[in-house]
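One chain, subunit A, appears in both complexes that follow, with subunit B as partner in the first and subunit C in the second.
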Partner chain A sequence: MAVKTLSVDGQLISAREGQTLLEAAREAGISIPTLCHLDGLNAVGACRLCLVEANGRLLPSCLTPVAEEMDVQTQTDRLQRYRKQIVELLFAERNHVCSVCVANGNCELQSLAMRLGVDHLRYEPQEPECEVDLSHERYGLDHNRCVLCTRCVRVCDEIEGAHTWDVAGRGTHCRVITDLHQPWGDASTCTSCGKCVMACPTGALFHRGSSVSENVHDRETLHALILAREEKQWLV
Partner chain B sequence: MELEDLIALTEAESSQHAEIEIRVCTAAGCLSSGSRSLISALEHAVEDRGLGDRVGLREVGCMRLCCEGPLVSVNTSTSDGTRVPTLYGKVDAAQAPDIVTSVEQGRKSAEALHSIDPNGPFFAHQKSVVLEHCGIVEPERIESSIALGAYRSLHRALHDLSPAEVVEQVTRSGLRGRGGAGYPTGLKWATVAKMPPGQKYVVCNADEGDPGAFMDRSILESDPHRVLEGMAIAAHAIGANQGYIYVRGEYPIAISRLDTAIRQAKRFGLLGSGIFDSTFNFRVDLRIGAGAFVCGEETALIHSIEGLRGTPHPRPPYPAESGLWGHPTLINNVETYANIPVILREGADWFAQIGTEQSKGTKVFALAGKIRRSGLVEVPMGVPLREIVERIGGGSPEGSSVKAVQTGGPSGGCIPAELLDTPVEYESLKALGSIMGSGGMVVMDQDDDMVGVARYFMNFCMDESCGKCVPCRAGTVQMHRLLDRIERGEASHDDLVTLEDLCDLVQHASLCGLGQSAPNPVLSTLRFFRHEYESRLIEFSGPPSSAVSSDPR
Partner chain C sequence: MARLRLATVWLGGCSGCHMSFLDMDEYLIDLAEIAEVVFSPLVDSKQYPEGVDVVLVEGAVCNVEHLEMIRRVRANSRILISFGDCAVTGNVSAIRNVQGGALPVLERAYVELSDPSGGIPSPSDIVPKLLDRVLPVHAVVKVDTFLPGCPPSGPMIRTALEKVLTGEPIDLMEHHLSFGGYGRPKGSEHLPASPSSSQSHS
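This part shows the complex of A and B:
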């Protein structure tokens, strides 16, 4: 297997051919913020938080393969500014109220905001009318918390193989939907496996009955599952 | 079909030419102003006077001067055999007998009719390459296209040129993509041609969606065989056997004429298997877009053809490497394909002589807005914008003056009147923060408010954003809100700073061209008309209205 050497934030690192910049950087202990990315799922490059500057170009690190002698910057002022703006835009897009959220303290959007120092919003909240779907007997969907990362769509399609989830509408009217926009409880393809809930970065998908801060997204199980499928071995 | 058959068809068609030919525009603009009822009135008038054998009534495509529609052109043979065209504008169905009487008596025009000088400035300063047969050829009859030379270049490409030679011709012509970005067409073709043999596709992007643009629509409605021929030549050059025309559902006339054209071409053996008795097979299918602007972006277009949701994905890989169902795919715009037959016919060097060093050939523009003569315009690259706006378009109507010209639709920008001497070239327009775009050109006068214009285009981009990436989905919404507040005089200086910051983010961080170019109308109006923004800002006291109180939530 060919190995590439490249420089990330001035530090020389080596990476396997075919690895993405994000994977290589993380392996080298350099953290790049992401939201739509989840190990084991196809990358979509949608949240734009993992943008890095490579040879003067802005590239999504989750999708860019490593190349020999690449000169990558992951923490420039410009990138930090963009990341902060993106997180602020997400907060202003839906009705995110952490204090009453099931994912409070266990939310990737919240951690990103803290990490990037988002302490106020420059943008006017859009305050859209968002529904809460509690038709499923075990899980719930709160569009107010959804950031449209499409992890649920991909995990259901790629790991569970059910493709219950999809996205309807466009622009700011985008909504994740189940089947052909039926209530989740009526979605005949849903296997109730709960992988979408495990994958969700915020409190948009949750276990019914959980109260503030009680909904913990079980990423470990999901990762073990993905690994087991990829490596064709089950962990005991 | 062989070359002899083509020639025989051409001769048969030419011998059918009537002594007097009346052509009526049946492109979308004229149809909407009543050319359908005009045609039936003309039919009746010809019948009433028993002129059926002397007069030929032809339903043709766009005659360009759309503001004067419905347009009727009359060709009468004079004693010395030359044909004198007469053009009538704003013809009412009630005037049909007048037209027929005047042509019957050999008079140039009846008094009640509004006659247009075909050598007037609107036509005289244009150069027809792509549109050479628009308004002459009958789009629903392949025989009419063949009589004007259609499919001759395809024959030549198949029998006299190797695929590599075709690519070389296109490269040498200097043709650049007419969809807006201006990527060298020859280079794109060469890239796909060099991919290993196997399944490859040719796609025609006919998803024209810019406000104010109707170039591709006019070409498809007026001369569909030219586009099919261009695609077939491209398929031969790169080694594809399947093509798709992705046309927007809002263009029903173009769809129906393309459908007819494809069926006729198949019947004549010009599409399908063993074209011109060669081993070349090429099938073309239509794919109708459901009306999403983003599907004009090539990766989103590919998803849409595949039957998936029309959202873009980051490039690379480019479609030339991995396009439809992962196979190498050549995607060009309608006008790009329409240039191909003429390049092969007249030669790459002939084509390269037109235009400028960096931008060869001609460009079709849809001229609209506050202008005396609006319609479809084709000019050599490099002519100053002023030539199009003032000489061809006749400038702004009485009592107003041109303030700016918007080129490139929502991805473009506004060029102020004092810069009208800028030549129409990819690079010069880009230097002004606008783009050539697919060719929409909207003229604005002193009554137009540039903040309002920017807000209009931002509203368009906000509605058309696919919603996949955050900067485009959420950023355009915030930009629209800020522009709206500035327009209403409720914004502060801080809001303007926030707007400019958002322009930077959306332009550089968005996933595809829609988002990356969405701030252009704002940036270009800020650059040239900043005072219109600043004069409306308010001094605020207290916290800015846009900011939420310090609340980390």
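This part shows the complex of A and C:
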């Protein structure tokens, strides 16, 4: 296996050919913020939070393969500024009211805001009218909290193999949908496995009956399932 | 050193931030030594005074009375701190914005969900007229410091006030400020009790 040597934040690291910058940086103990990325799912580079400067160019680290002698910066002022802007824009795009959200305290968007120093929004909230789908007997979908990371779409397709979820509409009308825009409860392809709820970074997908702060995304179970599938390692 | 002229203002919020202010517990006694509370819902003053050094503003701007008040507060205060999520983002107070205006909200509350059906209070009544959109404070006036949290914790408010007292810039992100949470900073249980020895809790 070919080994690539590159510089990340001035530190020389070795990476396997085919690895992404994000994987290589994380293996070297360098933290890069992400939102749409979830280990075990195909990367889509949707949120742009993992942008890095590679040889002076802005590139999503989750999709950029390592290359020999690449000079990568992950924490420049410009990157920090863009990351902060992205999180503020995500908050402003829909209706995120942390204090009454089922995912309060267990939300990756909220954690990112803290980590990036977002203490207020410089952008005017769009306040779109978003639906809440409670037609499924076990789970709920609140479009107010959705950041369109498509983790639910990918986990359902790639891990569960059901492909119940998809994305419809453009711009502010963009929504995650189930089975050609049927109510979730009527989606005949849904196996009720709950992997989409485990994968969701915010309070958009939740267990029905969860109250404020009660919805914990069970990422460990999801990762165990992904590991079992990919590496044939079954937890007993 | 002259005593700090401190004010707290309550706009469209639940008063939770003011309850958190009281959560500073024994520090309130220390604070009283160095600051005079010149205006607050906790004291009996009717008119927002001039020459306020620091003001904590709780709540979003929801009605015409809030609008008038926040402008007066800004004009008469040196440092304005947006105090809690309603002031910072609109928070719960701004949920009604999605309804698209004050009238649909009032109709929902006073007519559709009222049994027997009531009448919408008119502007000539005692209640101030609602604005069509609930606004965070910084959408109306310049804000100097943001203190998110629902509510911000007592230790967090104390930290902010201590920074103001010493004239230091207030960058509270190191204290794990968070929207929606109580925002208790890590290690805050070890905060020193006296204000004079309180600069080392980062």
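Here, the second predicted complex is superposed on the first by the 236 of 236 C-alpha atoms of A that agree within 3 Å, B and C clash if a C-alpha of one lies under 4 Å from a C-alpha of the other, contacts with A are read in each partner's own complex, and residues count from 1 in each chain.
Definition applied: a residue touches a chain if its C-beta (ideal position, glycine included) is under 8 Å from a C-beta of that chain, and two chains touch if they have at least 3 such contacts.
Quick caveat, the model's predicted, so the values are computed rather than measured.
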Next on the checklist: If we overlay the two complexes on their shared chain A, which of subunit B and subunit C does A:172 touch? Say first, second, both or neither.
Outcome noted: first
Checklist entry - Can A:129 be said to touch subunit B (first), subunit C (second), both, or neither? => result second
Checklist entry - Hey, is it subunit B or subunit C that touches more of subunit A? => result B
Next on the checklist: Quick check on the superposed pair: does A:97 touch subunit B, subunit C, both, or neither? Answer first, second, both or neither.
Outcome noted: both
Checklist entry - First (subunit B), second (subunit C), both or neither: which does A:3 touch? => result neither
Checklist entry - Is A:228 in contact with subunit B, with subunit C, with both, or with neither (first, second, both, neither)? => result neither
Next on the checklist: So subunit A touches subunit B in one structure and subunit C in the other; where do those two contact lists coincide?
Outcome noted: 91, 96-99, 110, 113-114, 119-121, 124-125
Item to check | Footprint of subunit A on subunit C - complex, ascending | outcome: 82, 85, 88-92, 94-95, 97-98, 100, 136, 138-139, 143, 146-148, 150, 172-173, 176-181
Checklist outcome for this item: In the complex, subunit B touches subunit A at residues 292, 294, 309, 313-314, 462-471, 473-478, 481, 498, 501-502, 505, 508-511, 545-553
Checklist entry - Taking the complex as given, what residues does subunit A use to touch subunit B? => result 44-49, 51, 58, 60, 63, 81-82, 85-86, 89-93, 96-99, 110, 113-114, 118-126, 147-148, 166-167, 169-174
Item to check | Complex contact set, residues of subunit A against subunit C | outcome: 91, 95-101, 104-105, 110, 113-114, 117, 119-121, 124-125, 127-130
